[in-house]
Structures are given as structure tokens and as C-alpha cells.
Amino acid sequence: MQFGAGIWLFGQFVDRYATDAYGPPVSTLEAIERAGAVGDLEVLDINYPFSDPDITVEEVQRALEAAGLRAATITPHIYTRDFVAGAFTNPDPAVRERALALCEEGVDVAKRLGAPTVKLWPGQDGFDYPFQADYRTLWKLALDGVRTVADMDPGIRVAIEYKAKEPRTHLSWSTAARTLVGIESLGRDDVGIVMDLGHSLFAKEAPADVLSLAHEHGRLFTIEVNDNWREWDDDLTVGSIHLIETLEFFLEVRKIGWQEPILLDQFPFREDPVEAARTSIRTVRAIDRTLDRLDLDALRIAQERQDALAAQHLLTDLLLGDVTADSAR
Amino acid sequence: MQFGAGIWLFGQFVDRYATDAYGPPVSTLEAIERAGAVGDLEVLDINYPFSDPDITVEEVQRALEAAGLRAATITPHIYTRDFVAGAFTNPDPAVRERALALCEEGVDVAKRLGAPTVKLWPGQDGFDYPFQADYRTLWKLALDGVRTVADMDPGIRVAIEYKAKEPRTHLSWSTAARTLVGIESLGRDDVGIVMDLGHSLFAKEAPADVLSLAHEHGRLFTIEVNDNWREWDDDLTVGSIHLIETLEFFLEVRKIGWQEPILLDQFPFREDPVEAARTSIRTVRAIDRTLDRLDLDALRIAQERQDALAAQHLLTDLLLGDVTADSAR
Amino acid sequence: MQFGAGIWLFGQFVDRYATDAYGPPVSTLEAIERAGAVGDLEVLDINYPFSDPDITVEEVQRALEAAGLRAATITPHIYTRDFVAGAFTNPDPAVRERALALCEEGVDVAKRLGAPTVKLWPGQDGFDYPFQADYRTLWKLALDGVRTVADMDPGIRVAIEYKAKEPRTHLSWSTAARTLVGIESLGRDDVGIVMDLGHSLFAKEAPADVLSLAHEHGRLFTIEVNDNWREWDDDLTVGSIHLIETLEFFLEVRKIGWQEPILLDQFPFREDPVEAARTSIRTVRAIDRTLDRLDLDALRIAQERQDALAAQHLLTDLLLGDVTADSAR
Amino acid sequence: MQFGAGIWLFGQFVDRYATDAYGPPVSTLEAIERAGAVGDLEVLDINYPFSDPDITVEEVQRALEAAGLRAATITPHIYTRDFVAGAFTNPDPAVRERALALCEEGVDVAKRLGAPTVKLWPGQDGFDYPFQADYRTLWKLALDGVRTVADMDPGIRVAIEYKAKEPRTHLSWSTAARTLVGIESLGRDDVGIVMDLGHSLFAKEAPADVLSLAHEHGRLFTIEVNDNWREWDDDLTVGSIHLIETLEFFLEVRKIGWQEPILLDQFPFREDPVEAARTSIRTVRAIDRTLDRLDLDALRIAQERQDALAAQHLLTDLLLGDVTADSAR
């Protein structure tokens, strides 16, 4: 397995209450260095603009090399102050233009860093209140924005990261299926989905189901992982709450033959970020080895009969040990 | 406005606790009679098989005529004991065949009663536990079932009613977008969506948004209405909880130019069903008249700016009266 | 560990869609026989009235003995047709009287069967709609009902089973804390709480927290277990979804020194009930043995520092094996 | 009606994505000035420490006077960087001491500003992960912290603001009932509840119910209002989503005879704060006038029968106009 991470995992966290932040500022270069310290990461999802306008792409490239990392995706910061009323769906055409201009810079940075993908997470696109927006206009603007970015460079593809809400109470790209509906209506091959395990749990989806659905539609571009309590994007360590569904998700990752890195998407507000990343990787490696021990034939037979009890027996034995065998000793 | 109802609104209710039912049995013919007593209904969604195998289609037709009603849709009972482990997605091919055979009878009844649509609500199709089923197999079976029913008669179209869960913990046709993904992949014009306001609230969608999205895709076949607490399909009277979003929904119904009946989908466990239907109709009529008073130009201007506060001013004045005007007196 | 079950686990299931039920009728005596077939159960929670008015308490006693079981609690059926508009909170005093009369019979049956506890689950007490009821009146009636039942016999105590909703959209006894507030206001020692793991997950509580909170207040009377998707009382097999929190719950059961039976509360609509019970017991036994292997000192140290990552390391190693140790080999 | 607001409504907003904030910094004195600009506010809930250590209590007092305001409550900032791992429940006794020291300063500021109440919102107290903390230790620390603050000054009472989550995934003071359990166990009169309408909706409570429950227990100290989508503390304008329940809440505010100010608790991230406050006040005034028109006798009769349909008729007529009357014209 190969691992990667969103660079934000190693940055400074802030929220609306701890407005003095959960720790001191971290520059893009420092964050890359921290990511390298994890020891097991190979790629990064890097936000653009960088933390400081003086930081050059070359400096970022050198920092990546020094840390033994490469850029997998570039994620333009289209959800900061300039865009709080929307990036692609902003009612003001001038702001929409600025969002696209920023994306164009992001596409350029992706090319220069050798990243094949620009990730779009339009976290301020959507609405907060009933009656606030005309939904067809909003959706058209959301689609137009993605199409325009996809048009920017034939060598850079676009991956959309859906999420149900936050910071808006309703985001335009909310679920895997809604994102598929939008992408299919664009009618082009270079737009796909970021399958984020946590966002899928948050959307009350069965993550293993939508992972393979996106794959079946040829739209699975990247995979991110974490966990949450299913009512917010808590960005906790992998497998810490929904271990069973996380196992099921990684089994599906195997079934579709995924060969690319798995990226961590965490916000360890109160933990050391390097340790938080290592904890997730440790758990994912342990899940992977546990899956080696899973009797796939027995599971296939259980699933052909949709036999939930037989499936649970397999899991109980796998995770907790076989009580029957033990009592027979 | 024209109104209709699901015939179950007038039937006998039972649940897993009040196993002796919330009231005495009601035959299909009696339920039609009760529906007629509402006084404002024009069409019914009728379950097949009828309550008693002796009841003929002709008797149903006569009962409808006597009650001043006609059949709008026929909904095959593919979620009763025979199908508790699934109808189209049942692991047993013989059960799947029985489900399709029942649908074929339903298509025939629809033709004979002059209903243009067979509604499919495969409420037992899906899964309950993680690891219980192979998701791609499940989805393929779900699609195959719908396609087969759509093939049955060129004059009868198929409308899929999505719902997130119940009685299964996860239903195959779960959200508007997921249903659109499935329908588009079938690649045919005679399969569409039942937009149920309550199911949309339950799915945490913005109902007005997905209503017009389905319409935009040419897939809006029928509309059902009710209300709930957004965490279960409570099937309460229209507008009793989410009045603001219900207003928004009916405004969108106007905007898309909907001319067909609006059907009530309620389960008045503890209320008189005729009165419960009348209460919903009374509220919908009042909503309709209230929308006549809404300043659409002002709303359009607010929505062009995505100005939530301006939109709320319009709504406050509309529903609660204009305080400013009053204090000026 | 000792196990028990609610007798309903072995009965006939029905819901509002599969109105012809998920299987044939099962008498109280047959259900007891099925419970005996599980092989690992010692006690039952038995509903009163029995399935058939002709069944006597003596017959039930003999059936229990034949099955190697005893009655732990009697649960009066105060949520059937007579009580759909409420039992203790019914607006009609005559119905409230009938509910109390039924409870009094239940208390008598408890005495005769040697069960120390009558369980009250007033599933029809509460409300469905805003503005439907005066909340203070409703709460007073809910308290009065419990007090009256507690007064019936000094030798029989009362355990209240809280649940957030169903069949009402809002139940009076909704959460552990709300139930504690009510019980404390009654000011008597013979009223306590049924801690149902599934209801606690459903209420979005931390089950291990409220278990020990109830214990600390001297109000923990009985424990029931199952699992669900946290948005409904799905009554699935134990540990099938929330394995981590189920482990934490059973660790707390140890910490408080619980010596009494753990009761299964399941509705295996689509599974064989005996096998469903066995599956849960198998999982609970495996959890219990897994807890034997948990390094409690290391956990204590982690919790003293509230160190989530250290705690997760312990759990990953416990459930998935120690990757580090392995790679060192 | 008298109105107030939390001072944060007029401050600078930031979240974890728009890390450059939704607008420029706002000092405590500027925020007070903005609050005065609303024109309808009489009191403020003021955070301590102030935005700048150079700002004195006297300056705040003068700013309040200039704005025609007075301090109703002081809320110590026990959820900023120093306290991200907990204030009263922090595992480190030194941090707990610092939290208490800050509260003591807050008590002193309350006295000097003539505010009778210190509000405690220990937003970092709780836990994020299963197995992270010992729940009984956590609860004991939560209670100890409140007791210590209540002991600080006999003239200053303590009001606890509960919330289900955020920024922690689980807060110690989570629901109205849980807070009542904690307060009652403290056994003193000077600790009560902040009833925040939005937090109550978020906790899936019936806000009118817990408002009067807290009042009945003599624990209702202050009232805050806003709205949200019931899955997060969105802090939207009052009545914008849950208008029906907001009406019911304000009816209960009347029933208990509340004479003190109603405070706005909003985070208008994307709106002008002064306008957002005015919008809420406009809605609340309109609700208040609408309640004048509500037929309380008819409602009482409906509620005595728990007649949901009759209650809905009253509301439909009140908010949407009487269709029957109209068609009779």
C-alpha cells in the first residue's frame, strides 16, 4: 500500500471558537517537512496559494524532494475570505472570475509539480437558508465552474470532492450520486470523484458501495480516508469509530484493484499531527493484513445468500478470535 | 390544484408494536369509499393485489367511479411476506421471478384501470448489515428489475419511489440523485421518479432542488406530499413541521409548470384518515393562496444576490404579517 | 456471563409494510421453547398479556422450566391497539385506568413467576406533532403512571426503558438523562432504568458513559444489548456495526461489577431468531475474551492523559494484531 | 419584549477553512458599538478576556452606556488555545487551575459591570474518540469546575449553556436533561441553565418542552434564540427553518411568564451582522404579534384531547389564512 496525505493535516488549525488557533502558524514548507517526518507517506495533496506569497513552486518542489514526497493533487483555496459567498456559485461574476483565475494558477502549479490532478472542493458553493437561491441557477453555476477548470489543460484532470455541508449548511456537491449526476451531465472523461471515506460516512452512504459505483462509472480519481461520528466531518483517525465499515471499504479498494496511494484527510486538532498520521497508517496496515486472513470464499458464499449472520461470524472470528475453536481446546 | 392520495392512507395500520393494528381491517373497496368521502380527491395510487383475492378489477373500477375517483398509479405489493428478503434484489431467482410476475399483473391492472403509471417501491430491496451483500450485484439486480418491468408494456411507464430506509436499514433506491444515476444508466424514457416530499426531507435533500433537478432531467413522473421530523418517514400531514420548505417546494411545483395531481402519502396512525387528508389539503390550498401573495419579483432579486435576509423578510411578512407596516400605523 | 432475551425476539414480526407479517404466528409458549433452543439463555423478559388469553401463568412457568429458563422481567403490553393514543399519557382517563389495570396484572404475574422487576416501556406515550400536547401535562401524566405502578407491590420494582422515538415520533422517556430527571423527581428507590445499548446509540449517547452514570445514581436495573445504525432502533445483532463502542460498553459493564444477566433485544426480521440470538452471544463472548487481553494499565494511563491515539493503538493491536511486532519478525 | 445578543454576533468570524476570516478583526469596543447600531437591543452577553488586553472594564462600561446597552452575562473564554484539551475537564491540573482563574476574573468583571450571571460554556470539555477518557472522571471534573465557579461570589450566579457537540465531538454538558441531572447533583440554587433554542433543536429536543421543564425545576436562568438545520449549531436567524417550533417555543416563553430579555445567538458568517440581528428581531416581534391572534382556548381544548389535526387547523389559519372563510366569500 502507498500512502499520502492532505497537507492541511500538518498545518495550523483554527475554528470559530479557538480563534487564536490550536497551535502556531505552519508554512507550506514546514508542513511538507512534517509530512516527511511521518516516514510512510509518498504523496501530498497541496493547497494553493501556499502559506506565504513569497514561497515559489521551486521551493515547494525542493521541499517535497527533501521529504521524499511528490505532489499528487493541487487543491486551490477557493473557500477563503474572497469566496465566502461562493466561488463558482458566487452571485457576483467578478468573484467567480477570481475563483477561476485561482484555479488556473492551481492547474499551472499542478503541471509544474508533476501532479496529474487538480482537486476541487468548492466548500463555499451552495446555500445556507431556504429561499436563499434559485437551485437551478446554483447547479448550473456549479457545473460551469468545473467545466471551465477541466477545459484549462488537457493534461490535468479534475477531481471533485463532495461533502454534505460545512462551511455552508448545504454544499452543491453533496453526495457521491449527486456528483455522478453532475459529472455525467458534463459529458467528459477528465472529471471524476474524490472518494473520501469520511465524507461518505457523513453522507450516510455505504462507503464501499459508492466507492465501487464511482469505479464502475469510471469516475474514481482519488481516495481519501478518515473517520467521524457520521454527523459531521470530524476528520478523525482511520477506523477509530466505524471499524467494520472501514474494513469493508478497504476490501472494496482491493476488489476494484486500486493501485494508487490512499490519502489521509485528518484534522488532529488536539493531537500531534505526525503521530495522528502514523496512527491511521498503522491501523490501515493492520486492516490490510487482517483482510489477508479473511476467508473470501466463505464471504462470497455468505453474500450470495445475503446471509448477514454468516458474514458476522466471519468478522467476529477475524477481529475477536474464534470462541468456538477456543472452547473446544 | 388537483389532489390524489395513496390508498394506504385509508387502510388499516399496523406496526411492530401494535401488532393487533391501529384499527380494524379495511378492504380495498372500503378504502376507495373513504377516499371518496374526503371530497377533494380526484385520483388514487392503488396497491395490487387488492385486500381480498375475490375483489375484481371491475369492482375496483366501479368503486372508483362511485367515489368520483380514477386510478393514477398502481403499486405492486412487492414488500410483503413473500419478499421480505428482497423483491428484485432477492438472492433467490425464484422469488425475483415471483416479484416480476406480480409486477406484470400490476401492469395489466394499470392498463385495465386506465392508469398510465406503475409505481415501484422496492422497500425490501437493499441490505441491513455491513458485509451482507455484494453492492455491485445488488445494484445490478435493482436495475434489472426495473428494466424488466419497464419492458412489460409500451403504454405503461414506471415511476421509482426512492426512500433512504425502512423496512430495510438501507434501500437500493435511496435518494433522488442515486435514482437519477440508476435511471440514466438504463437509457430509456419510460422510467422516472416519484418525488415524495417527505422522502426528500428524510434524505436531507432540499426538496425544491431535487424536484426541479428531476424535472430538468425529464424524470419527474409523479409528486407525493407529507411531512416528517427528517429522521424517519413519519408520513405526517403536509406542512406540519417544515412549513418554510414546504412553501418552497410548492413554489417550485409552480415554477416547473406542474399540471398533474399532487398525491397525499400519509399514515395517520392515531387520527381519522379522512380528516387527516382534509387537513393536508386545507394546508396545501392555503399554501397555494399564500404563494399568490408572494412578491416574486422581490424574491427573484433577493435570489439573484443570494440574499438570505431579504428572502426571510419576504417570508416573515407573508406568514406573520408586516410588523413595520403595523407599527407605522 | 449470563444471558437472557426479550421474548419478542422469538415471536412473529410485522411492520407497516409487510402487514401479512414476516412469518407465521408464534405463541408465548412456542417462543419460550425457541428461547430454550438457543442453549445459552438463562432468563427472559416476558410480555403480558400472553399471546392467547387461554395460556395460564402456570403453563408459562412450566414452559420456562422445560426450557431451562426463568422470568427476569414482565413487560406489560401497554402499546397495543387500546393504547395507541397513549397509555399513562392518554388524554382519556378511562384508557389510563386500563393501562394501569394491565400493569397491575403484570405485577401480579411477575410475583407469580418470581420475576423481581416489571419493565415499563410506554412506547405510545409522547407526541407526534408540534402543538399537539401541553408538555407539562404530558410529563406529569408520564410520572404519575410510573409512580402508580411502583406503588402496586413493595416486592416488585419498576424499570423504565427509554427510547427516543417509535412508534410515537417523540416518546416521553427519551434519553438516559431525561429518565434520570424523572426518576429522581419521583424520590423513591424502586424505580430505575433499563439500559438498552441500542437505545443509547440511537439517542446519540456514549453508551458506556450513561451506563455508569445510571449506576452511579443507583438506578441501573437491567441491561439490554443489540446494535443499530444510530438513526433508528434497528435491533440488529450485537457488535455488528458499532464494534468499538460495544467493546467500550462491555468494559464499563465489567468496571461497575455487573453480575446479572445481559438481555438480548433483537428483531431479526429476516433471520432465524435462534441463530440471530446465538450470533449475538457468540460476539459478546468473544468481546468478553478480547477484554481479558486488553492491557488495562496502559488504558488507564492513556485515559488519565485523555490520549486518544494511545487508546487507539491499544485497540488496533487488540482487534487487528500488532503490525509493528509483526514487521519486526 | 426585551432583546439582547451575544457580543460574538458582531465580531470577526473564522472557521477551519476560511482561516483568513470572514472579515476584518473587530474589537470588543467596536462590537459593542455595532450592537448599539441594531437599535433594539438592551443587553449583551460579553466575552472575557476582551479582544485586547489594554481594554479596561471601565472602557467597556462606557461603550455599553454610549450604545444604550448593559451587560447581562459575562462568558469567560475557556475554549481558546490554552484550553483546547479541556478547561474544567483538562487532564492537566495546571490548565484546570488556569481555567478557574479566568472564570474568577470573569466573575469579577460581571460584578463590576453589574451583570448578575456568569455563563459557562465549556466547549472544549468532553471527548472526541471512544476509549479516550474515563467517563466518570470526566463528569466529576465537569461538576467540580462549575461548583468552584459558583462558589466564587454569592452575588453572581452561574448559567450553564449545554450543546451536543462542537468543537469537541462530544461535550460534557450536552442536553437540557443531562444538565439538569448535573445541576441537581450539585444541590445548590445558584446554578442554572441557558436555554438556547438552537442548541435544543440541535439536541433533537422539543424546545418548548425543555424550556418549561427547566423552568419547573427552577433552573431557567437565561434564554438565547436562533435556528439551525438540526444537525449542527448553524446559528442562523430566528425562525428561518423551524418556524412552527419557534412559535411553540415563544408561546411557552409566554406561558412561564418570562420577563427578562431574549438574547440572539447568531453567527452571520456571510451576512451583515446588524442586519442579521434586525432580521431576527423583526421575526420575533412578528411571532409575538401572531401569538396575540392565536385562539388559546381552542388550542387548550385541542391539547386536552391531544388533537394534532385541530392544532394544525389553528396554525394553518394563523399563518396562511383561513381558506374556508375565504372560499365562503
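Just so it is clear, A, B, C and D label the chains in written order, and each chain counts residues from 1 on its own.
The criterion applied here is as follows: a contact is a pair of C-beta atoms (placed from the backbone, for glycine too) under 8 Å apart; a residue touches a chain by one contact, two chains touch by 3 or more.
Because the structure is predicted, anything quoted here is derived from the model rather than measured.
Asks: Which chain is most remote from chain B in terms of Cα centres?
Replies: Here the answer is chain D, farthest from chain B.
Asks: Tell me which of A-C and C-D has more C-beta pairs in contact.
Replies: By the number of C-beta pairs in contact, the winner is C-D.
Asks: Any idea how many Å lie between the Cα centroids of chain C and chain D?
Replies: 35
Asks: Chain A to chain C: how many Å between their CA centres?
Replies: Using C-alpha averages as centres, the distance is 39 Å.
Asks: Quick check: what residues of chain C touch more than one other chain, meaning two or more?
Replies: Counting only residues that touch two or more other chains, chain C contributes 85, 128-130, 204, 231, 237, 240-241, 244-245, 270, 308, 312.
Asks: What residues of chain B sit close enough to touch chain C in their complex?
Replies: Against chain C, chain B makes touches at 12-23, 79-81, 84-85, 123-124, 128-130, 165-167, 169, 228-229, 231-232, 234, 236-237, 240-241, 267, 269-270.
Asks: Across the complex, what residues on chain C touch chain A?
Replies: It is residues 204, 230-231, 237, 239-245, 270-272, 275-276, 279, 282-283, 285-287, 289-290, 308-309, 312-313, 316-317, 319-324, 326 of chain C that touch chain A.
Asks: Applying the document's contact rule, which stretches of chain C touch chain D when the two form their complex?
Replies: Within the complex, chain C touches chain D at residues 85-86, 91, 127-137, 139, 164, 170, 175, 177-178, 180-181, 184, 204, 206, 208-209, 212-213, 216-217, 244-245, 248, 252, 299-300, 302-308, 311-312, 314-315.
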